[in-house]
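As written, the chain order gives the labels A, B, C and D, with residue 1 at the start of each chain.
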Amino acid sequence: MGSKIAIGIMGPGLGATKLDCDRAYRLGAEIARHGWVLISGGRNVGVMDAANRGAKSAGGLTVGILPTDDRWGVSEAVDIAIPTGMGSARNNINVLASDVTIACGMGPGTASEIALALKANKKVIILNDRPESQQFFQSLSPQRAIVVDSVEAAIAQVRAIVDRFE
Amino acid sequence: MGSKIAIGIMGPGLGATKLDCDRAYRLGAEIARHGWVLISGGRNVGVMDAANRGAKSAGGLTVGILPTDDRWGVSEAVDIAIPTGMGSARNNINVLASDVTIACGMGPGTASEIALALKANKKVIILNDRPESQQFFQSLSPQRAIVVDSVEAAIAQVRAIVDRFE
Amino acid sequence: MGSKIAIGIMGPGLGATKLDCDRAYRLGAEIARHGWVLISGGRNVGVMDAANRGAKSAGGLTVGILPTDDRWGVSEAVDIAIPTGMGSARNNINVLASDVTIACGMGPGTASEIALALKANKKVIILNDRPESQQFFQSLSPQRAIVVDSVEAAIAQVRAIVDRFE
Amino acid sequence: MGSKIAIGIMGPGLGATKLDCDRAYRLGAEIARHGWVLISGGRNVGVMDAANRGAKSAGGLTVGILPTDDRWGVSEAVDIAIPTGMGSARNNINVLASDVTIACGMGPGTASEIALALKANKKVIILNDRPESQQFFQSLSPQRAIVVDSVEAAIAQVRAIVDRFE
């Protein structure tokens, strides 16, 4: 008994690159293999969709926290859809519901989620190759913004954080 | 694939009666037996706690949408905790995330959830013995506020609604 | 210096009766005459629109807290529009932003606002002629749900509550 | 008749520098002189407090959208307090309620507000001397993130945007 560890994958929808989606799929699968619940923005595009499909490929449990007030546009790979009807204000719920957040790729929504997680005093794993993203978030929070360059490094960081909870 | 059917049980926390809690436990167990996900306000008191314990007693999957910004005060029987940090504004998410909402017992928070579900054009099953509650909500929405007097009748109503989705 | 006293008028939009709108207009004007800010849901229909027009007729200051993410559908008589993008979850903000809430007329949205105000331990003045509404909310909170039968009685109740703040 | 133009000033609370606060005070005064309403996060610290004091020094009208569920911690220079009870999710309301947002200084909350404004397809004026902030937000949205280096330049940009509304 007791609620499960939940790891968030946040990243762009339509603006995601192929590399972002490949990484998100592999991150989702790793999260599932560790027995963690996947939290995402739940939409059927980009990083959100890829992460959920990756998690389901490994038998995981997936939660999608939607900006809309119904299930319109939810990824087929989301098990539990949480329509919020709050638009981008739901980004704050995404990070509060995640024990650790991984940002995969970048866009305005993703940047807001990283910033909101840091504001909530949570660690964020930033899987992103653009130096301006790395430098900005590390300047914002040298302790809690953790830049990595691979799926493996991201999961190693999550494990190190989660181990401290258990 | 595709997101699961989710049924909400809403009811008072500290103000719940023993009858409210007994009914909530049995409702939770029935929801689990039907393979539906349980949505609730997630706290470790009253109807919320009883419904989650009932669902877990029958092997169900439970989601708790919390008013707080962390897991403080979550029921031990919640599998997936969604801290929202929004206080009572999360009541609107409770009902949007539920395909059907069952109100078990009454209090200001529960009344807000029934009203918000009706506002969102959703059906609400009201398991409540007080005539002033029955009359008020039926006057508010004769079509969508469905008053019942037993756990069995509540579940029969949920099944009739859910059958139409499938 | 210091923030102004704010009084909320909550009531139906399209479902408002002519009597609801007449009362809302007069309530808005009285709120303005007392120097209080008017808080409402801000839309250009029903009680919301009438209350704002009444307040402006007496030179008041009006704030509309909108469910939408832009100013679409705002009453012409709203001075300060606060789009929230949160749908009905904004009903909780309506009541938190009001030192006292007056419910004028009834519908699912209005019922949710009364219930959310009671949940937040605030007093609500209920100007409503239907016995089932009066009985339900008085049973929910005998101390804080105050039923009145005229604009004059509603304003007298607001004054009595506000006098205690000052 | 019709709602007033509202300009947001967003910036850090306790983390604000003296330069941030000096600029915020002058920005607030300029906003008031133009007859625009000031929107801010409303707290009695840092950029929020300075901006509101500046606006009141020039006879402006000030709105504070608070993270808390009551007026605790509101700036003395806020005329209209809007407690939301939503924590940092209120940052999305801050930017939706602002026709144009000016970010003055930097921190996790401010970064979330810039990102949320860009996500909502709104222009943001960034008054910030740190190159990593300038480069990051310009990479995120070359069209809508406008970097300036003085209060005068910020106000000139706001005027250019607002002129197009009128």
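Just a few scattered comments:
The working rule: a contact is a pair of C-beta atoms (placed from the backbone, for glycine too) under 8 Å apart; a residue touches a chain by one contact, two chains touch by 3 or more.
Listed by chain with UniProt protein names: A, B, C, D = TIGR00725 family protein.
Quantities reported herein were computed from a predicted structural model and do not represent experimental measurements.
A comparison of the B-C and A-C interfaces places the larger number of contacting C-beta pairs at B-C. Inter-chain centre distance (chain A (TIGR00725 family protein) to chain C (TIGR00725 family protein), centres taken as mean C-alpha positions): 40 Å.
Each chain gets one centre point, the mean of its Cα atoms, and the points for chain B (TIGR00725 family protein) and chain C (TIGR00725 family protein) are 28 Å apart. Within chain C (TIGR00725 family protein), contacts with two or more other chains are made by residues 69, 84-89, 92-93, 120. With chains as nodes and touching pairs as edges, the resulting graph is complete, every pair of chains being joined. Note for the complex: chain D (TIGR00725 family protein) touches chain C (TIGR00725 family protein) at residues 1-4, 6, 37, 56, 61, 63-65, 69-71, 74, 76-86, 92-93, 96-97, 120.
Residues 69, 84-89 of chain A (TIGR00725 family protein) are the ones that touch chain C (TIGR00725 family protein) when the two sit in their complex.
Those residues of chain D (TIGR00725 family protein) whose C-beta lies close enough to touch chain A (TIGR00725 family protein) in the complex are 86-93, 106-109, 111-112, 114-116, 118-120, 130, 132-133, 135-136, 139-141.
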